[in-house]
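Order of writing sets the chain letters: A, B, C and D. Residues in each chain are counted from 1.
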Amino acid sequence: MCRWMAWLGQPVLIEELLFKSPHGIVDQSLHARMGAEPTNGDGFGLGWYGTGEGPGVYRSVSPAWGDPNLHELAAHVESPLFMTHVRAAIGSPVQETNCHPFRRGNWLFVHNGFIADFHLLRRDLMLAIAPDLFADVQGSTDTEVVFHLALTSGLEEDPIGALERTVGLIEETARRHGVTDAVQASFGVSDGESLWAVRYATNGDARSLFASSDADAIRHLYPDNPRFQRLTEDDRLIVSEPFSDLPGVWHEIPEATAAIVRRGGVLEKQPFQPTTDAGLTAGADAT
Amino acid sequence: MCRWMAWLGQPVLIEELLFKSPHGIVDQSLHARMGAEPTNGDGFGLGWYGTGEGPGVYRSVSPAWGDPNLHELAAHVESPLFMTHVRAAIGSPVQETNCHPFRRGNWLFVHNGFIADFHLLRRDLMLAIAPDLFADVQGSTDTEVVFHLALTSGLEEDPIGALERTVGLIEETARRHGVTDAVQASFGVSDGESLWAVRYATNGDARSLFASSDADAIRHLYPDNPRFQRLTEDDRLIVSEPFSDLPGVWHEIPEATAAIVRRGGVLEKQPFQPTTDAGLTAGADAT
Amino acid sequence: MCRWMAWLGQPVLIEELLFKSPHGIVDQSLHARMGAEPTNGDGFGLGWYGTGEGPGVYRSVSPAWGDPNLHELAAHVESPLFMTHVRAAIGSPVQETNCHPFRRGNWLFVHNGFIADFHLLRRDLMLAIAPDLFADVQGSTDTEVVFHLALTSGLEEDPIGALERTVGLIEETARRHGVTDAVQASFGVSDGESLWAVRYATNGDARSLFASSDADAIRHLYPDNPRFQRLTEDDRLIVSEPFSDLPGVWHEIPEATAAIVRRGGVLEKQPFQPTTDAGLTAGADAT
Amino acid sequence: MCRWMAWLGQPVLIEELLFKSPHGIVDQSLHARMGAEPTNGDGFGLGWYGTGEGPGVYRSVSPAWGDPNLHELAAHVESPLFMTHVRAAIGSPVQETNCHPFRRGNWLFVHNGFIADFHLLRRDLMLAIAPDLFADVQGSTDTEVVFHLALTSGLEEDPIGALERTVGLIEETARRHGVTDAVQASFGVSDGESLWAVRYATNGDARSLFASSDADAIRHLYPDNPRFQRLTEDDRLIVSEPFSDLPGVWHEIPEATAAIVRRGGVLEKQPFQPTTDAGLTAGADAT
């Protein structure tokens, strides 16, 4: 199981959320806090918007907790919008090109979950990627294929719709191969302006996903952090697992739901409904 | 440009050839000895047969010259048959899954050279890989695709024939895309018993390839090495570039030629003729 | 907390003990099996005797569970005597020169535990290292200093005596600096012929240490492993934590005790008594 | 031989100087441009001032040219003052704690050159480090010891004086051990406000060191770079080797000279005269 978090709000030093938050994502990656979770020591990624063109991406196969370069970067880069991901590999190699977030142009993509029996489905799914995008798949994860299917399906125009078409296609392809419970996911997407987060599983029992409820709640979460005492209603956190035990701070995103965070702290929700009636067709030559 | 070498003969400590030979492959990887060659500092691989099941493979993105683990392994592992490769990346990421040799079962594969405009051809070539092998492609190099095409085309039964069919397919696919001079290659293949080496370029001007001429020559090559003074006619080296300036020691393998080394020091040669009349068809849905 | 294990017996493929044993050391390094233990993801080391001159040492800052090169090496190297160590860093950097085992000539050294307030004591302790050994300290761990103090103190002639003098010196130095509970340790030492293992803590509550009780017990431990069914009385395992829950298989080494394993499965024990009456004097110029 | 460069001026994206300058430092690290120079593929470091507290430091053992994280960081971090260093290891391990720049508080330190027979002198020199700084030496390079000697000797109050005392001490220690030509160096130092650069060798034949002559020259150096066309007299580059062949752009810093660059583009020079008459005494117990 992987974990991820995303921030959209006022510019913050990345370390405030990465290393200085109690039960933050790096802390989670090291300690099995709630019992059953394994360690997330198979790679780390950070994508951030700010200075320079498009997002920067730092990916490492070192565990996040012990990577001095990540500590340095987090302590010296400020960003109004960033996403981080810690990985627990299930099958595919521990290599930087398998670390999230994945990027294309201004877009970043992270995923907690998996495609069931991906080994069986990989070829058909890769065939459904737009031919001019095919050669850009650099690693061997299911997530990178999902991202390129979503790009093929119009992610840049309609992120939620593209993911609904992508998940629909995967479920259909899985069905054809006799694979059940095809998709288990929380997805995170950004273009540098907004954040989209999806919670969905084919079998209806999806990985958790939470949004910070409001700025006032975050001020309570970090009472000793002067920066957070200056929080406004513009600031939002999305996390695959809550950082803290404070009740009332986290707002659970329901199953089969997409959440959209826009500047100004706006949080909207809509149903997430995979669809197979359009666009993408997987592995035409394999039918 | 990459470089590779292979040994088939009596068991030797790997370091004898890797680190203790004048102008050996690691030395070549660091110093631009003949002028125009760039540094080979983008990864290293060693595949060896000996103890355990099938070949062992050590791959690292550290430059070979500074990797302490490689020095240790080479100093403490003996092998009668091994292949090493140093990489100078051209385009694809510096990651372990892009380092040669590639392996399947008992088979190892290395390549010095490239497929022209691979980015354009990658999808069609991957479609020509046998569907049940497709998901085993872990990295993003042209070489790993060539290896899986050759496996699809019968490498395990007829190594040279399979490579002739593979190169034929690549050339035909390139032609369809308007890509000229498609293949530039010296290939090395082994199953743990024999070694196959191919020198071929579409445009007739292939990367160099040499075989050690005979045991007597090698004894002259290492006059101070007691181990090599015990060399017999059973021992052969194949190298993409000669280790030494001693005249008479190296035997150049001609253009468009396959060399086969068998136990007992047997060296046979045959023409290498790409063919398109059988088996493989690339990217049928893309025609 | 680190963990280590050592094998002395018939030659075995290293992977048999490293990756194929239930609750083996790599498995331990990933999962917090007994509750409070953190993850050991801050580096790994393997030292083995066999082919080549002296021991080979493989050290990596990747977590052991995800390092493909370690899997390859373990599957293709056989050894009659080896030691492995997984690290959970406490303060000093995650770098290869901080990974155990440490080596000098034929000697290997591993340590689970720590020197209290090492930052305060480091200078005085390094001053007590023999001047001609001083420059060989490459990393920044307490263990590497302990090893060089033991070498200074005669490790190669009398391993247990040298460690008693070393621990005595550390305790005395600590006392001078007002540091209590100076040493917490299980040490492992080998010269390629025998194994020495020490369990000791200044405060009398030392890290655990176990020896396999006898070959018959090991045969019960691995009922489905044909290799272990061939075990003889010559084979012994020393582990910082037991691999398995089978009662009767592991023999606990008492507090303040040194165990010596010799070829033929011989296991001897003797009290471990730190001494300050000889040889070493720390940081004379600092008194 | 290592190489380094430093920038003090208006904030620039680090990649402008690191990757986008013809014959820049990364390009130098890969290609042997002027003939005899070896490859600098044994690690890289970047220290930069800007956002966050004190300088950030990124260090990697990957060659600079192939490290994707370095490309990302350089493309997304802007800094008015930074130093970079590429390493060609001579003896000490390739590890991150051996990569320059070294840091303490606000201070950064880089070095091109070496201390002769450092193995012989290391102990005495480390004994001359202030006891409370001793435990902060994390790696095994001569440079880290030089830096801590300079800190001991007052670097933070008088950088040039402290380096004069440090070099004097090293030369004296070397003399005592019968080591000649003790110091070969160009040093770079910064506190985030100013830059100090020293060119000195005991034998009078020091590594090269250059300053950009003035903003007008830099504008000529990068005629197609709109950012540099906006250069003012405030901008200065210090480099161990010139980036370009344009005559008139680079100003050589003479032997045995210290250069000081202050905000506003001010460049001052003064003689660099090692001195032994004060403060530091090396290895008192070893005399």
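The definition used in the following text is that a contact is a pair of C-beta atoms (placed from the backbone, for glycine too) under 8 Å apart; a residue touches a chain by one contact, two chains touch by 3 or more.
It should be emphasised that the depicted structure is a prediction, and the values quoted were computed from it without experimental measurement.
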item: Interface sides of chain C and chain D: same vs different residues, half threshold; value: same
item: Centre-to-centre distance between chain C and chain B (centres being mean Cα positions), rounded to whole Å; value: 40
item: Residue list for chain A, restricted to those that touch at least two other chains; value: 68, 93, 96
item: Graph class of chain-chain contacts, one of line, ring, star, complete, other; value: complete
item: Contacting residues of chain B [partner chain C, same complex]; value: 13, 48, 50-53, 55-60, 68-69, 72-73, 75-78, 96
item: Chain B partner contacts - residues on chain A that touch it in the complex; value: 92-93, 95-97, 118-120, 122-123, 126-127, 131, 134-135, 137-140, 284-286
item: For the chain B and chain D complex, residues of the former touching the latter; value: 30-32, 38-39, 41-42, 61-63, 65-66, 68, 89, 93-94
